[in-house]
Amino acid sequence: MLHVEAELIYEFPGSAEVLLLLEAARSSDQAIQNERLTITPSVEIARLDDSVSGERRAVFSAEGEVVIAYAANVEVLPRDDTLARVEQAPVRDLPGEALRYLRASRYCPSDRFESFCRREFGDLRGGDRVEAILDWIHGHLTYEAGVSDAATTALDTFVDRAGVCRDFAHLAITFCRASDIPARAVSAHAWKLDPPDMHAVAEVYLGGRWRLIDATRKCATNGLVRVAMGLDAADIAFMTVFGRATLVSQTFSVEAVQRGFADHNPPGC
Amino acid sequence: MLHVEAELIYEFPGSAEVLLLLEAARSSDQAIQNERLTITPSVEIARLDDSVSGERRAVFSAEGEVVIAYAANVEVLPRDDTLARVEQAPVRDLPGEALRYLRASRYCPSDRFESFCRREFGDLRGGDRVEAILDWIHGHLTYEAGVSDAATTALDTFVDRAGVCRDFAHLAITFCRASDIPARAVSAHAWKLDPPDMHAVAEVYLGGRWRLIDATRKCATNGLVRVAMGLDAADIAFMTVFGRATLVSQTFSVEAVQRGFADHNPPGC
Amino acid sequence: MLHVEAELIYEFPGSAEVLLLLEAARSSDQAIQNERLTITPSVEIARLDDSVSGERRAVFSAEGEVVIAYAANVEVLPRDDTLARVEQAPVRDLPGEALRYLRASRYCPSDRFESFCRREFGDLRGGDRVEAILDWIHGHLTYEAGVSDAATTALDTFVDRAGVCRDFAHLAITFCRASDIPARAVSAHAWKLDPPDMHAVAEVYLGGRWRLIDATRKCATNGLVRVAMGLDAADIAFMTVFGRATLVSQTFSVEAVQRGFADHNPPGC
Amino acid sequence: MLHVEAELIYEFPGSAEVLLLLEAARSSDQAIQNERLTITPSVEIARLDDSVSGERRAVFSAEGEVVIAYAANVEVLPRDDTLARVEQAPVRDLPGEALRYLRASRYCPSDRFESFCRREFGDLRGGDRVEAILDWIHGHLTYEAGVSDAATTALDTFVDRAGVCRDFAHLAITFCRASDIPARAVSAHAWKLDPPDMHAVAEVYLGGRWRLIDATRKCATNGLVRVAMGLDAADIAFMTVFGRATLVSQTFSVEAVQRGFADHNPPGC
């Protein structure tokens, strides 16, 4: 059982709407308990949750200094993220909702990498190809802050050969889509991520379901609490402000807790 | 009543899968009759239709020379695409599926145009802002083939000041999203489009529903038979080939037909 | 008479070569007195000065903490930077060295702006066109730090509608070249620039000679001590390090001094 | 001895100026005989030749259909384009004119490739590094027409992994500059190039002089008649039109001729 906490403090100079993708997704691979989202000062929260993916979306109005606090206990159910020898389905066998994850997006211009992937990964298909892609990224990219920023695309990262989790995820997604494998970006609360932060990973659709991959190789996938899913970073930002805001502080933490203990001692008490 | 026909002939040197977004969408604003999709030589067609948007998706395997023929009679129900004075909803009142159409995409990097839109369109909101956007595009872009290609983004078009329907749609979508108005790309069979071709237009979400806009001002929106919807051209291509193909020929036609006549004389007979 | 001072302190973790474009150019429009360049600890300075443009280039090896100090008294001779009604020469009448300043460069992709300039500046030619370009930039760009960085091109600035002196100069140069007017980037010590810093301006070749323009409209051209000239920021950086370095501090100052006083009291004493 | 011929026929709808970089450079490594440049209808030709590089520049006015014919016999003197073990000079020992060839340009954004080159070519320096760069290009790029166009940069080619001579030259130049080796683009009439065309190659400054390299490995460097030199394709286009023009036809040929024969039988007679 993982105990997740996040506290975001922002200053909104004028009235703004905030879209928050911070809560654990209500998907079949994770069980959520004792969850609490509090906005201070108190505001009305509209919910735009997505019933298909389980993505949780909170929308509210903010002005002045606002404290957003989230806590939950999440049991990540056993996941099988095996890739080796998993087959790549023909397009006709994909679920309709997976089709869009074959396409190029703002930060994942997969249309530009078809030749490269054909050259580099040759005849490998399915899970073996994804493993080769992850090996390539591990061998050719340096994890380094300060090289990339919010405008950095996978094409930039391919040239720069360095970046952070967002950039690693984008490049993996880009190579997968250029290989006709549906791939999407996932944000997650991540156990043992150092320094603690929201993590950006990816999912590929193989063998009839989505499988998590962490191109940075920093976190075990069963230590990941899935939050938002989308084409790339444009879709999974934990906070989107329609208006202006400045960061005051933000902290994230994920801790392993004993199950019985956590059940009777809700987080934050 | 519009009679729509399309014939696509392609040569597939090896086996390939084809995703076809060519059929009229089964949405509430258009009634479809006597519809026929034929692939020659005959193949099994898998359907990945989307029940929410009504988008029709046919997937099949192709090899050698393949003829794809589509015909249908479509009654476009009266549409009200009024923009003037229509209000822009706050984010909390948007349907969940509209959120993604606020975000930057492969060909619509709306994140780059927030300053420009604030400067240029100032305090205008909602339908009035969309009208100002369409006026700006009409005043600053030249419709001209050969300037753009499949890699052209709205940012390129903003610089080039010229393009075709796809480019006009991308720029309109980009400016709308940069103005916090959900906007999506739509492909359509278009009456009186000269020369006849698939048309790329857009839809904005305003006043509680999607409204069609044609940034080229070439077609009346009630002469448009909606086909596919998505973030941009990456999502609405009428044919995506997973493998290789070369074009042999393709023709499109849309004609107004008398209702009684068409009912008894199915297209193509 | 202007008294120019600059002090650059950098830390070089290993041995590096440094190319310094910091000294006042020995061009016919400025007279230099009591000039002194000192590197501490003392090193041998190789000179790669350009006799045609008068650009001064000092190259030396650096390691550890290095202090680069420059001081000079410069009399800027009366310049006539009139633009109005100055004619644009045909290409055949340009000096050979001006040809390269008609071409696109790293940060000035003028090839992309021919349509825009034709549309926007129409039939204006020569100095009148340059004035219209400067008016357009003044009307459409905001001077704002933090929007741009070292990778920002004129195309980015055209989209962002904001930037600093380097970005203003790049956009002016780009529009001039797209209008077949030779234009180059110039770095300068600038009187009354606030905050004090090296300034980036431009020169256009019109009426048989180069004329200074400051697209930011922050400095009078006769308060500019010209230093380096080139295609764009890639050519005129005041310090290029071949190896690694980190900034410790840097200060610039330009002050007006009484002529007699300065003659007898060399700067720094 | 090589006999070079070129015939360019263009249609100029209005009056235009033309800058022609088509004639063999008057450099010390090639001797030119029986040279003839004719423009039909006859026009006055202004010469903007560069005395330092020997680049020949003809400027003239054109209107209507114009035939540009060039022929010359050129003896390419023995060149030593050895790279192996040739040392890389420190910056202080470079000639002043080589400095600009260390910098990023329109189609060679070398600033983006410093990390990649450090990773890929490690501690190799000088001629050995250039050889490793040429090997990398040979191993990772496919020579293929239709992938690139006039807007393609070395960064695009690095992603696309395919292109033509211009693209190969740009990538080689980019990697060399990112390695602190001066590199410039060179256009050439090329013996045995198939199909016959102007060729784009490069030169690197090593061991005290410029050395020719052909990144496509299609031509021996002693079969190359050097024409124009510059930062990249922006500088070496054989024809730049200031105005409008459409191509009617153009042909290039280079043939080996017996020396005595050619001396007495001027080309074209």
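To keep things simple, chains are lettered A, B, C and D as they appear, and every chain counts its residues starting from 1.
By definition in this document, a contact is a pair of C-beta atoms (placed from the backbone, for glycine too) under 8 Å apart; a residue touches a chain by one contact, two chains touch by 3 or more.
Since the model is a prediction, treat every value here as computed from it, not as a measurement.
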Steps in the shortest chain-to-chain touch route ending at subunit D and beginning at subunit B: 2
Tell me, which chains sit next to both subunit A and subunit B? none
Taking each chain's centre as the mean of its CA atoms, which one is farthest from the centre of subunit B? C
Would you kindly state whether over half or under half of the residue numbers at the subunit C/subunit D interface are used by both copies, giving same or different? same
Express in whole angstrom the distance between the two chain centres, defined as the mean CA positions of subunit B and subunit C. 48
Using mean CA coordinates as chain centres, what's the gap between subunit A and subunit C in Å? 45
Based only on mean CA positions, could you tell me how far subunit C sits from subunit D in angstrom? 30
Where subunit A touches two or more other chains at once, by residue number: 112
Show which residues of subunit D lie in contact with subunit A when the two form their complex. 112-113, 115-116, 119, 140, 142, 147, 155, 158-162
Please output the residues of subunit B touching subunit A within their complex, sorted ascending. 17, 19, 46, 48-50, 57, 59-61, 90-96, 99-100, 103-106, 109, 111-112, 150-151, 180, 230-231, 234-235, 242
